[in-house]
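Pasting the structures in now, so scroll down.
In what comes next, chain A is part of two complexes: it sits with chain B in the first one and with chain C in the second one.
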Partner chain A sequence: MIGPSRVAELEMPGAAVETAAGRPAQSYWNESWERLRHNPIGMMAGVLILIFALIAILAPAFSAVITHFQPQSIDLSATFRPPGATHLIGTDELGRDTLTRLIWGGRVTLGVAFLTVGIALTVGTATGMAAGYYGGWIDDLLMRFVDTVLAIPAIFLFILMSILIHPTPITLAAIIASVGWGSVARLVRGEVLSVKQRDFILATRSIGARDFRMMFRHLLPNVLPVLIVAASLGVGQIILIEAALDFLGLGIQPPTPSWGNMLTNAESYFYHSAWLVYFPGIMIFVTVLASNVFGNAIRDAFDPRLKT
Partner chain B sequence: MTQPLLEVNDLHTVFKTKDGTVKAVDGVSFELNPGETLGIVGESGCGKSVTALSIMRLQRPGKIVGGSVVFKGHDLTKNTEEEMREVRGKEIAMIFQDPMTSLNPVYRTGWQVAEPLRLHHGWDAKKSMVSAINMLGRVGIPSAAERARDYPHQFSGGMRQRVMIAMGLTTTPAVLIADEPTTALDVTIQAQILDLLRHVNREFGTATLLITHNLGVVAGMCQRVMVMYAGRIVEAGPTTDVFAHPKHPYTWSLLRSIPRLDAERHEPLKPIEGLPPNLIDLPNGCAFNPRCAFRVERCSRDTPRLLQVGDTQRAACWVTQSGAELKGA
Partner chain C sequence: MLAKYVARRFLASILVVLGVTAITLALMKTTSGSYVPGIDLNPSLRPEDIARLRADLGLDRPGWEWYATWIWGVLHGDFGHSMIDGSTVWSHVADRLPNTIELTGTAILIGVLIAIPVGVIGALRHGTKTDHTMTVVSVAGFAVPQFWMGLILILIFSVTLEQHGLPWLPSSGAYSAVNGGDFFDRLEHLILPATVLSFFYISTWSRFIRSSMLEVLSQDYIRTARAKGMSERRVVYLHGLRNALIPLITLIGLELPGLVSGGLVVEVVFGWPGIGKLAFERALQYDYTTVMGVTFFATLLVIAGNLLADVLYGVLDPRIRYG
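After this line comes the complex of A and B, so read on.
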């Protein structure tokens, strides 16, 4: 063949060093994972979110095996019980077990948060990808629409939509995502504009790839790190928005528990039953904090140059 | 002579900018015969790459405003985008200047080399991978089966250019367009890649359009050469004749501006005076006339056409077309 001896002699040393130094073939993902693994605080935050998510998923099992209460079962003979043996963290004004409600509330709150992120990422990525890839009038049209969406005061939009649409976890996610997708679209468009300039995109066009393939097979994996970071940071923000809406009575409606609406009821009883405020509050605080810390850790893992 | 494989006729490609219309390719015509290697030389910004991209209809945001590109009897400029996709990567393959950025960083190289096969032949991952590994071996990548699992960043520049060439060849295209394939590589690797391209040309019978600014590369690779200046072909002919007796003052000056091993010691290089013209606002007449040492009065008035000068060459120059020789100065 083409002077294999010459090839071996000139090029193999460089290639050999890479393997000889004990660094096996590492993909970008593997390297990022390695960096994330060596960030203890970030890993702790990630594991914490994972545990909360697992508890939320297994909520029915928890209420059957550990708390022995249902989240909506009222016991008027046991209202405002302080934390104790039967009710590990007390009961509320209707005698409902706070721990059970907290677990089921987590199911709703985290469910809404993840669903919202999912919707916002899907819609935002599709929009940003189309705008960035096609450019021209498509870009103008889509981005002006995004500008319009982002110019509407979000809280006003949330209130209006909550009045028009009865908020269930699914519609609430759609309501919050209806604003959240805009910033994702901008983010993705920016990344696509930059990646699109790189030679491999022209090279891929030169082998006859279709637009759809260009966007989803070749551009999307290159913007994925940005999306993952946006998603993990987004979870925290959305939990806060959702808690605020629930607290104002515009989100998840009682008797379905969520961390936000558990606080709504609790404020009136703060002076004699503080646990009703503390526990949902702490859950929101810890989850949001963990989500932000984990988001930052992921960002550092993907792009170590950004680390401060 | 057989039917030319690729025939470019009076191709015009323009870029609309806010300062005016850039005529990047301004009436280029040439033909590429099966199995031949044709060189296009010229300095940066003379329209070489845009010519190549226009053949593939990848010249966006530029626009082809005139002429035709006839490939195997079909005018590519009249193809739909879908028909073009069938040509790209299947009939005409292209390799680019910078192998460091021409591969997608997130995919394994084997997957990328196999991609044209999946796109054009509809082969599954397994079958196309076998073929890709075979091709990687044939372009001189040692332990191709293992290397196919590596990512582009694990390859050196020369190896990546081999990968690009393998990717272009998997579908055994009729034409390979190599746009400055060695410019980003160091000299020893350049020689290897040129070796490989020569070999590919012989073994696969792929007609090669080699675009470069390096006259040495042309001398070693191409049977015929075209010299471009300001979006036009100013001289064309067999490489040996063009280099021995240039018939256009631009070619003549280019050849004098490169160092030669057989030159007298201390003989200074003679650079071409002035700057390449602004493609938005070309000088009247011959675009080269402000920099030309042989300029006559007519040069700044009428634009010369590419006509036969001497036995084998064509040149777009009033001076040589009138029978004068390019000497001295």
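After this line comes the complex of A and C, so read on.
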């Protein structure tokens, strides 16, 4: 017989904290949220993105109340105005207000980025899930296709596709996602292959669950953490790709402003109007930085094994 | 074992190359339809001239037939002629490739030379202010758009310096058109684009070496080396760094396709006459043959880079076995 005193003796310091009695059981999501909440830099980055997203959504209100300009209203009597009282950060070659265009440009840039992540995740998850779950020739066929897509130098694919499809924000998202889904598919397939081996899947199968139910009720929730991490780490990269395409003239077409295409002509005006170069770049930099920092925080919170 | 592995990968690669070039051609065919490259340059072309041009270029034939002819040519080492200017695709690539290798090679070299010490110092001073500062800089480095960094450097080192009458750096091209082309002239042109490109490599690779080094230093064999009284310097550089660098080989191998496509944006910003810029310009003009040639070449580099990384990895690290 072991009495309470003996139990206390057996307990090792430190280990005691981990026992069920000492710590209320928490769901995986609660635990992750707790970890995220205690990462001040990560939370700050998250809040910053939220603020940018809000400004982007409220862009019409901003140009009506604060800047009093429309993003495409041309004023040829006020070209290349330096930053000042009327135009807080100056005007461009057509006399358009830079601040207004930055705000509307953010609307386009952020919208495209989130849409791209959504498309890439949906297509990639469906492909990876089917490949991993069914295996055999379906797996071979889908994965060889993924290999091929990922072997095309991405920038060529973007160039050819944006000539093929006249890019609007929605088609641009589809173009960028046409490469991004491949790596998501590989990720999901790998995860499904490992989850498939677990006992609860065997148990579910033995009570007669059908394929559809297996995939969406049992496999998907287990793949979700990996997807969330991939999505949050991907946003920054997508913004960079989108900005580069816009800059090359392959993305959002003027006069619709985006942070990338506001820089396309900047080189021509270096000599007298350097501010046109600073602000769009700073916006891209800050947004991508915040996305990456927030993405790292999400990864540390949801998948502490990966913490560096 | 290794030979068998390489052979199997090689066979799989052929399928990937066929797939990539077929997709590229299909995209171009859909995009341009019956378009004859260069047609806009000459408004006086009559419909029958256009038909004759299309027949000459083989554009009147269905895509699969064009593709079969192209593959047949490639198997015989013939990549065809550019549809814009008639010179061979091979001569275009041979013309531009040295410039691209000059730029990317320099950037990779600078990247490795700076990233390794930075990564090692970060790992050795793990958790100190130095480490944190370097982490912040490299995280920021990921977030800078390359083309914008290029513009800012041009603004500072070409435009502003010139405006103040100071010695300035050229902002465009690989050499001066007049009296140019010697070593110092090329070096002067190389500085700005190579800085932008290597900045990206440094921020990626130094993080990577840091975490790889941290992992290696926590291994048992490092403890053994220390326990038998080996000097800390020998432990870190002989046992630690040598093992920590193995994964870097993979990363550099994966950069091989970057020789063609990775520097594209930088080449466009700095007007650098490389492969990436060639592909970009010719794709906009529907120069089928040139784009197909460059795509083929770039895909080979992707595959070769992956394979080289895998094989080198196994050679350097005997723990890895090929399945």
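One rule holds for everything that comes next: the second predicted complex is superposed on the first by the 283 of 308 C-alpha atoms of A that agree within 3 Å, B and C clash if a C-alpha of one lies under 4 Å from a C-alpha of the other, contacts with A are read in each partner's own complex, and residues count from 1 in each chain.
Note that a contact is a pair of C-beta atoms (placed from the backbone, for glycine too) under 8 Å apart; a residue touches a chain by one contact, two chains touch by 3 or more.
Source: prediction; values computed, not measured.
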Practice task
For A:222, select first, second, both or neither according to whether it touches chain B, chain C, the two together, or no partner.
Solution key: first
Handout entry: Partner chain in contact with A:40 - chain B first, chain C second, else both or neither
Key = neither
Exercise for the section: In the overlay, answer first, second, both or neither for which of chain B and chain C A:152 touches. Expected result: second
Practice task
Give one of first, second, both or neither to describe whether A:270 is in contact with chain B, with chain C, with both, or with none.
Solution key: second
Handout entry: Touched partner set for A:28, first chain B, second chain C, both or neither
Key = first
Practice task
Kindly classify A:199 by the partners it touches after superposition: chain B alone (first), chain C alone (second), both, or neither?
Solution key: first
Problem - Contact residues common to both interfaces of chain A (with chain B and with chain C) - result: none
Problem - chain B residues within the chain A interface of the complex - result: 56, 58, 84-90, 93-94, 96-98, 101-107, 115-116, 119-120, 137-142, 149-151, 154-156, 158-159, 164, 167-168, 188-189, 192, 195-196, 199
Exercise for the section: Flag every residue of chain A that touches chain C in the complex, lowest number first. Expected result: 144-145, 147-149, 151-157, 159-161, 163-164, 236, 240, 243-244, 247-248, 260, 263, 266-267, 270-271, 274, 277, 280-281, 284-286, 288-289, 292-293, 308
Problem - In the complex with chain A, residue positions of chain C that touch it - result: 12, 15-17, 19-20, 23-24, 27-28, 30-32, 139-140, 142-148, 151-152, 154-155, 159, 163, 207, 211, 257, 260-261, 264-265, 268, 276, 279-280, 283-284, 286, 291, 294-295, 298-299, 302-303
Fill in the blank from the handout: Contacts from chain A onto chain B in the complex sit at residues 1-4, 6-8, 10-12, 14-15, 18, 25-28, 198-200, 202-210, 213, 218, 221-222
